[in-house]
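What follows is a pair of complexes built around chain A, which joins chain B in one and chain C in the other.
Entry: the complex of A and B
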């Protein structure tokens, strides 16, 4: 009498009724799927040809490299339109000036000493369905009217969506889904601009942390990149959870060695599996244990840095080099 | 920049602000909100009634009522010096009354008392600020010229509000300026005061109506700079008129290129660029800082106005934290402040100038919305907030989103709420008390909105999926379980692995109090589902076949929920060694279950499992037995009603009750009657083997469970007998039979065992007195 069983028959019928076609319900469905017990992404395919290679503006991509970006996740933008970028520039710059120069008159148009530029970043997408990424730049304008009106860049941020297929399904047409926001510049500026976006497009920014699981995936995939020459060693930072002050363990190996290790664990080209990533990290940890008798598996991976890119668990990433082949 | 444009005045009003205080511009608003909060929290104590209580929302209209504000303001000063404050306050009252009545003729004592009262007012004003009424009276005094200009100037200098200044006081004061009773320096001081206190004036509509008067005052050379500054704060687009532009240009020609005139002109140009063709030099500072007189006081007022939300800025935690924390970007609360949305319709329309865009006032903005009738009148042209999250704090807008079925509106709320819940959820963060308090308040607001709407939010459902596996069962327990009780109706078997299985794990491993609150909230959940379903049935009158199947699916889902709670209860009771306390919560749940057919008009009767029935029947607690009797009585009513209905409709629904349900009920009934009434317990067909009694050594088991000997009722039997023979040392409870049995029954009923009464009246024929 106290064993609890439920008949399985009705659930699918109900599902048809309750999980209708509205985006909201689709969204819930996907949340359920995500929380089910299947481990997340046991294997990932490496896309052979991304949109980036097709129609990219090399100047703009170069602009995104070698900068440290703070990651935020972003809810879909409501009533955002790519045709209004010029207006957005105007409104955002007026907003920034108003906020920064409290106590002074608000002027719109010519007389600002900053300039805001919205522009699309073509090619920054995974599939054709992904909405275009766009870039927001804040430039300081020199007071001299003659040359060099485009002053130095004070702040940069960009919004993108890469392989957002399952997210896009759940968003209706009033929304633009650009779930990743990357900012470079003073945090006060990020806050200011974020506030404007939140108020204008009813979206919400939240800081995006990268957990140790994803960091090890990044480490593996970046190590896998074939480089003509390696400019930096591959570095890992592990944090030992002990109080009052945490203890960090830095682990650096030659990038060539790391690559060799990865090649030895990696099997099928074009596809990376969870086992391979685990094995790669386990090898690194057991090597460390052999020398220092410290189990790194008991600590937490907080930073990964390779010749290609580096990432920190607090949501800061930096892409250093283009993949050269 | 919609925000900026929508309220250019509030932005510019912070013109002379020197510290970078983001809260400053909304200081006035936050006070109002605070008062609203205190009122709504009062109403929210009666949780059940407040969704229907429209009057409660009417209260919003009284926000600007100076009395409520002054009371509020007076409450805020520090508590420990209360005694002294009270005396000081009395002195202040006397002083204010003195000024109100005017100076007396006897000149010598006059000076002393005047000085004394002035000092009182000054010290109180600088310490705690003055209430709106006091400011009203004293402004009147200062500008009416009753006293000399030195006194007037001293009074004006201490016109520091506790929280707000009423608009009417300002209007009254301005009216004195026309009479010409006060001298130039007082006027100058008054305008400086107006500029400094602009943010603290509760409304500006009436003041704006006097725009023409202020504008005319520009002609006074000494007043001109100050009036300019005041107009700079006050000007709206509709105030900009060609004749005023001409006048300003004339003034400029007369007085030279004064920065203050430039300021006003550039503002006019900003609003109506076509009217002014002259080029204006770009200057950074237009006005001299007029605030210096009141600088410290202003800081104090601002602090007072913000007091109840002492949320220190969150610091960025070190690398040890799992999640980086974001400092609050724009607001002090998690829930965005209400601002009307301008962008949705016209933002970015080509060819629309910024000033057109600023001056739109065709639609009814959400900020203006103060009462339910207003909502009804403007429902067609209501401008929604730019951040949908703001509706959580506004019941009128909750009404609105409840009746507007706009998917994108709900999606906006969904996205915001999901992400905010995820971001703020404290068990994703390093333990932090501050965060916990904030998060708890946030959850409370959500739950309040859910109660109000009588509907759960989808975001909360998604949040529960994600966060329940990580919940420790302790953090924000009450809030979290309430979120569970507002879980939207869905297929039970589908959500079971995400919600109910995980809840069961926590249930079995936590304390009895946790178990009780889980059962309590599952009862709420059942009730919410039943209400939802019963509403649903009434809306769908058509019975086509597809609806029929989904409907039976819904019933299946409810019965699965009930069975699940039954399973939890049995095992919980076993773990807690049949605790009476827990059993009460279990029976409370079944009190809801037994009445589904009659109360919710849903064709479903689910009985409790024997494991609960027998524990309740054999309980040592009379209230448990009473509750059991009541439930059995209600089951009987529901079953007979269902059976009658079935006969009428001549159609058998699989869910009403199978013959099995009826048999089961009859078995329970026989067992109960056998125990309590006929003293023939546990005959054939019951789950109970009478042999057990022999094993535990009770020989006379047959009578030992009747109404007299039942362990839960024995004490009643004894006190019944003692009532008759108070002197008796030894009573024989077996003597209660025959006529006395009936008297004993009446006695039991009079002792409050109403459930027992209902049960016996309905289930036992009276001829069968043992």
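Entry: the complex of A and C
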């Protein structure tokens, strides 16, 4: 989630030294760069604009919106090929049907005539180096020929890699690195798909938790988006760790006010620094403290919801609005 | 006295005092207990404080080592430590101050990034120790480490001073980070 501005001179010097390095050496060097690097400037910067705006077809990615996605982190896929997507569709369909008939995932009245479709998602990447994202959908095949042949979408999942430069350096050619997996649909289907992928490509899924630090960055960056009209209030949910039950504090502010606060804090366009994010969150917390005498900084931020998107610490996100600008 | 100075008082005979500063009451208490259980030739005293400045009306022995405890799960503990650092005299930072960071094990609960405390420790030229104080095994070994550091800072280890220990701890970092 976080990336650093690695100064060009250091990285190129290290790269020259490692032209003939084995993958293991490359991996060790990359890990050392990540752990020992402290940026020379006081702030960490993350570029605000992304390259994917050019290639994305708005119609194709419209399905991403208004759905709650559960995030998983995925290890690189071994011997995955974009040319074999049709075979994967067939194998996965057969696997799912076989598993469901085994009685492992039984639902009353379920239609076992399902179809799995693999397709590539063009443009869902950060840089040109990132591997293409692909989409897996489980559709129910309809019996009646008069109905739409496509059927209802039961489950959707997609794999992508956005700005994965650090990871791509260490991965050898047989592996496809798509570390982010998003799933929408029944949990049983997610588990089935996960099992198939783990068996076929020797990878491992783990649920991706978003910590409070990253949630505050998301809040700041989503508030920074310029919107024509705001449809929802900006909401934060804090969890107070106190026994025996935990308390939740919900803090809602008008999105225009949040944007005004962000504009007063933000300096250089196109760049978001750690200091600005901290200042934004500190302003909200000190405002709350002035009224309620509660230090929100001693609690844990668990949910952030803005007009653009919302995210929960347990790894569930929802993108609400397609920003046209 | 609003600013802590290392040489304000005369040292007690065979006494070594450590001051733990932090908002995490339970963790500090447990760490103090672990430290006091350690076998040590000097007579140890552990003082706990939420923040500095310390109340001036209390009669306390000379403080040999200050350890600021930061919990990565709470930005409040970091802000508290940053506030308290202003009440420490600069001569304390010649080896008699350390930062102890807890909570790095559970990344999903972290509100503060590791780099923030790294930069803080580098700015104050003081050693940074990571330990999950909630886990007993780690806490016990960290207590042992702190007791050894305290003995050095109190001058009870012949041939090693707080400043030489500080330079020993710092030389293990990679050289390119020193020009911060």
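Assume the second predicted complex is superposed on the first by the 279 of 325 C-alpha atoms of A that agree within 3 Å, B and C clash if a C-alpha of one lies under 4 Å from a C-alpha of the other, contacts with A are read in each partner's own complex, and residues count from 1 in each chain.
One rule holds for everything that comes next: a contact is a pair of C-beta atoms (placed from the backbone, for glycine too) under 8 Å apart; a residue touches a chain by one contact, two chains touch by 3 or more.
Keep in mind that this is a model prediction, so the values were computed, not measured.
**Q** By the touch definition at the top of the document, which applies to A:166: first (chain B), second (chain C), both, or neither?
**A** A:166: touches no partner chain.
**Q** A:213 contacts which: chain B (first), chain C (second), both, neither?
**A** In the superposition, A:213 touches chain C alone.
**Q** Taking the superposition on A as described, I'd like to know which of chain B and chain C A:76 touches: first, second, both or neither.
**A** First partner only.
**Q** Based on the superposed arrangement, let me know which partner A:286 touches: chain B (first), chain C (second), both, or neither?
**A** neither
**Q** Please work out whether A:194 is in contact with chain B alone, chain C alone, both, or neither, and reply first, second, both or neither.
**A** The first partner, chain B, only.
**Q** Once the shared chain is lined up, is A:203 touching chain B (first), chain C (second), both, or neither of them?
**A** The answer is first: A:203 touches chain B but not chain C.
**Q** On chain A, which partner touches more residues: chain B or chain C?
**A** Ranking chain B and chain C by residues of chain A touched puts B first.
**Q** Is A:298 in contact with chain B, with chain C, with both, or with neither (first, second, both, neither)?
**A** The second partner, chain C, only.
**Q** Which residues form the common part of the chain A surface touched by chain B and by chain C?
**A** The answer is residues 2, 10, 36, 209, 211, 313 of chain A.
**Q** Using the touch rule from the top, collect the residues of chain A that touch chain C in their complex.
**A** Touch list, chain A to chain C: 2, 10, 36, 38, 40, 42, 44, 209-213, 216, 274, 281, 295, 297-301, 313.
**Q** Show me the residue ranges of chain B that touch chain A in the complex, using the header's touch definition.
**A** Interface residues on the chain B side: 1-5, 8, 11-12, 14-18, 20, 263, 266-267, 270, 282, 284-286, 318-327, 329-330, 336, 339, 341, 343-344, 347-348, 354, 386-389, 407-408, 410-412, 414-416, 418-420, 422-423, 458, 461-462, 465-466, 469, 490-498, 549-550, 552-554, 556-557, 560, 563-564, 567, 570-571, 609-611.
**Q** Which part of chain A faces chain B closely enough to touch in the complex?
**A** Residues of chain A touching chain B: 1-4, 6-8, 10-11, 13-15, 17-18, 22-24, 27-28, 31-32, 35-37, 72-73, 75-76, 78-79, 81, 83-84, 87-88, 90-92, 94-95, 98, 101-108, 111, 171-172, 174-175, 187, 191-192, 194-196, 198-207, 209, 211, 239, 241, 246, 248, 302, 313-315.
**Q** Where on chain C does chain A make contact in their complex?
**A** Going by the criterion above, the answer is residues 23, 73-77, 79, 107-113, 115-116, 118-119, 122, 174, 176-177, 180.
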